[in-house]
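Next up: some structures, all given as structure tokens.
In what follows, chain A forms one complex with chain B and a second complex with chain C.
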Partner chain A sequence: MKFRAVMVDTGPMREFTNIVSTISKLSKECVLRLSTEKLYFIVSEDNSGPSPPMLWCEIPQDTFFSEYQIVGVDDEYRDIYLGLVSANLSKSLATLKTAKCLKMKLTKKQCPCLTLEIETPSSTSQQTRQVTHDIPVIVIPRKLWSEFHEPRIPQPDMSIELPALKQLRTTIDRMKGMCPEVVIRASAEGRLTLQIKTDMAKVSTRFKDLRVMAFEGPIDHSDSETETQTIEDISKTCYCRVDTKKFSMFLSADQISHNATVCSIVNKKLVILCLQTEENVKLQCFITGIVY
Partner chain B sequence: MDSGKTLCSLLKAIQFQESAVFCAMQEGLKLTVEEGKCVQASAYIPADNFNEYHVRDDVDVLFKISIAVLTECLNIFGSAEESSLKMYYRCEGSPLLLVLQAQSFSNVMTDCEIATQTADTLLELRDEDAEEESKLVLKAPAFLGLLADLERSCDIIEINLSPEHPNLSIVTYGMQDRSCIEIPKSSDMVQSFTCERAVTLKYQLYHIRLIMKALAVSNKVVLRCSSNGLLLLQLKLEKEDQRQMFSEFYIVPLLDD
Partner chain C sequence: MKCLIPGPNVKVLGRTIHALARFGDELYLESSPEAILLRTLNASESAYAMVKFNKVFFSYFNYNYFSAKDQEGLKCKISMKSALHAFKSPTHMDKQVENLEIRLDAESCKLIFIIKCKHGIVKTHFVSILDCKAMQAVYTKDLVHNRITSSQKILSEALGNFQSSDDQVNIEVNTESLILRNYVDSSMDLSKVIRTQISIKSAEFDTYVIGRETVITFTIKEFRALLAFAEALNLPLQLHFEVTGKPVVFIVHNNTTFEAHFVLATTKSDTPTQTSASQNSTITDRKRKEMGFNSNSVRKKPNLDVDVSKCLDEDSHLFDYIEMPIDIINAQNNDCSNKDISQSIIQENVDCDNIPPSPTSKMKIKTIFKRCFESTFDPRSIRGSVLAENSDSE
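Here is the complex of A and B:
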């Protein structure tokens, strides 16, 4: 098994740092899957069982790395799966924003390590400094790979563009203080509603004029409790009740410069939040619905 | 109301208890919070702060509401964002409705329904028979700085007022020390000073510290002592549009032992 990669451009370096720091905020541990085409960061929940992972992030190697070599176990299994503590990686990358060059490789020291060699320019002289970080990793054996397969998800009922993440996050953070669960409701007319209900208060924030990317309606609400409060055609809306904290965590991804964020909803079951950047990085977050 | 921001910061300043008594009068809104029968804090929002303000005059609009939830709702778009606010209340038992609209994004709106409860009776701390003995007008930021300098570990604060120099002194007693701050009436922070005869009053420092948040958002503070030792602090908050909001704290003195 061999892996070696070099990054020299400042743009991708900054972005890579932001991605890793976002992931470290979402989870203590993550799995880094290296393949010939892409790098994947995968975060699974501890007791997730068959449900999709919490986070799935794809980074195309060619836009980020100037050199990229990988040799897997054998011809059939070409990928490498590494388990690591995400904070270790994000802390090591903290200096990357000003660095000239980053080399990443897989090494065998006392234990398997992901070694980062960061070259930073000196402010006083022409010489550069080199910092080496060895991050202990666990090489995940082949028989466990199936746990980290690309998530197979049901066809979402609706996909809708999200408003500016920062704005959404302040709102969600206020709601987080009041209620642990939030109902996300999207309508085919481009409305997104966040609603919380507690003994003390009922708060709903509505965003309108959002782009609807896909709608697989009409939606069958026959089994749900009939809420006659809505004037709009409920066959054109779908909703899902989710954990407010998890939703808020994804929104901290606003520090990654992104093109679009899309929220897809499988009625009452699943919310998929997907963030896409200019460099074709795709960060997906899966939040399973809370059903009573 | 065009901006809920000032209202929110004023309410946060008196948010040391979970719930407040909300009272709407012809002159404006008043929210009152009490701390253990010793401190009563109120926020006043005069009616001219609202673009439109209607209260029925044949019934008392009086109810108890969670001030924490109210401030969270007012702040739903974050503290950096100005938002316009509409408030509705129908009758006893119905929720308080808020409609907030962010100013820099036109496509977002928030509706809040906050549950209300029957109001508890409030303490009547003001005693009509007790005369006002002294009155001080101080600059709020300077007074805040002074209170922040006081040793936190002390329990008791002693305020001495006298017509003689030094006119105002604040003494705190710690484990091993006694510290004293003297403020003559010629000080920059004192805008006016009236005192008939010398008095010494003792208060729980913790109670005095409750006003610090309100001081931080205010411009001016009026300190009044009445002959029964009750301390009344009236704080004025002036907004950019020259309109004013007020907060008021009644603090009960400690009895000599």
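Here is the complex of A and C:
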């Protein structure tokens, strides 16, 4: 098993740091899957702390690394799965924003380690200095790989573009203090509503004129409570009730410079938030709906 | 004693107090005809700091203001917390404070800080004196092999790479470069700690003189405090050190006005006992650790062996006795006619052999079961009486 990768451009290095730091905010532990084409950061529901959202992040290696070598266990199992503490990785990469070069290696130094060799320029002279971090990792055996496959999800009823994440985050952070659950409602007319209800108040924020990416026919609301608005054609709206904290956690991803963020809703069951960057990084977050 | 400190210098004093507060809980103040000295020692007595403010630092300085008879100068010990109260925010102090007056009267039991701020505000702090003793550490800074002068930035940038949970730093020096590592204790779980290593080329430092290659380990907390101090005052930092086990001295000075010495104890190898067997074991211990840090440092091993054994040799000179040349003793032993003298010589010789071991009370507890963990340990070698029964299997 061998892995070696080199990063030299400042743009990707900054991007990579942001991605890792976002992931470290979402979860204590994560799985890094290395394959010949892509790097995957996977956070699954069971193996991590107080039920963070499930996360799937794909990073294409060719846009980030100038050199990338990987040798798996054998020809059949070419990938490498590593379990690591996400904060360890993000703290070690904190100095990467000013670095000249990053080398990532899989090493065995008493225990398996992901070794980061960072070359940073000196602030006082022309010299460079070499910083080496050995981050302990756990090599995940093949029989457990199946736990980290991309989650199979039902066809979403609607996919709608999200407004600017920063704006959305300030809204959600206010709501988070008031109510642990938020109802996300999307309509085929391009309207997104965030709604919370407390004993004292009902707060809803509407975002209009958003692009609807996909809409799969009229939505069956036959089993739902009848108090929904009658002004709108309810067959054209779908909704999902989710944990406000989890939703807010995903929104911390706004530090990654992104092209588009799409919110897909499986009516009442699941919200999928997907962030895509120019470098084809795809960060997906799966938040299961709360049903009473 | 009475002295006046102008506004800009109050900030320097404030920074000093804050740096010293990260060392110890008590502050020793001593006045002399030429200067004021501030000292502190940490609780475990492994870190000591001394800052000397010369006469020119003050706008008015009179060390025997209250009684002309007292030529010795005054000494006092105050609690660090109360000193901190007087210097709450050193960053803004130069803007708010016009001057600071410090008064110490031999008759009184209070040390008085009078801070004159802008807009005619006067703050007076009466600080209780806990003791009238002075404290001084003995260390050498001038006769050492290794001296490095570094811009304050280099080392603090390097320390930025370490985790906040790291508590000891290990510095390895050779003629080409200085390597900083976080020290990983053998008791730590390796699968949980990040091991970090930073190598800085010697060319980055202002001066870099290494007389003897060595590896020293000391606490990171005090190191951070003194780096913050050097950085706040924008002054370079001098490192003077010898080998492991001897203190490392950091010096920050501004030629004429003040000079700060920070002395940190460096950790010695695990066992300070002086039997040859344990010497060997410590060397292998260190070797093992060294391997852990850097798997490709094999070529450094021989150097390390020499270093450690040298330092252990030196340490055995902790007590004063003069070794008699053996051949003279033998010659005199053989000479029976001079019985009295030979008797006395033998007596002396015996004394020399019965050197009491150096006090190791703190470390002893760690080394009780040491042999069991040695790689060469053979359980068959201890036969006979069982000192302690095996505990229950559950």
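Criterion: the second predicted complex is superposed on the first by the 283 of 292 C-alpha atoms of A that agree within 3 Å, B and C clash if a C-alpha of one lies under 4 Å from a C-alpha of the other, contacts with A are read in each partner's own complex, and residues count from 1 in each chain.
The definition used in the following text is that a residue touches a chain if its C-beta (ideal position, glycine included) is under 8 Å from a C-beta of that chain, and two chains touch if they have at least 3 such contacts.
From a predicted model like this one, the values you see are computed outputs, not experimental measurements.
Bringing the complexes onto one copy of chain A puts chain B beside chain C with no clash. In the overlay built on the shared chain, the residue A:R185 is in contact with neither chain B nor chain C.
For the superposed model, the angle subtended at the Cα centre of chain A by chain B and chain C works out to 70 degrees in steps of 10. Contact with neither chain B nor chain C is seen for A:K268 once the two complexes are overlaid on the shared chain. Touch criterion not met for A:K246: it reaches neither chain B nor chain C. Once the two complexes are laid over each other on the shared chain, residue contacts for A:Q110 go to chain C alone; chain B is not touched.
Within the superposed three-chain model, A:V131 lies in touch with chain C and out of touch with chain B [touch as defined at top].
For the pair chain B and chain C, the model built by superposing on chain A gives 9 Å as the shortest CA-CA distance. Those residues of chain B lying in contact with chain A across their complex are 66, 69, 72-73, 75-78, 80-81, 95, 102, 105, 107-115. Chain A makes touch with chain B in their complex at residues 163-164, 167, 170-171, 174-175, 177-178, 199-210. Those residues of chain C that touch chain A in the shared complex are 151, 153-154, 157-158, 160-161, 163, 190-201, 203-204, 292, 294-295.
For chain A in complex with chain C, the touching residues are 85, 88, 91-92, 94-95, 107, 109-111, 113, 122-125, 127-136, 138.
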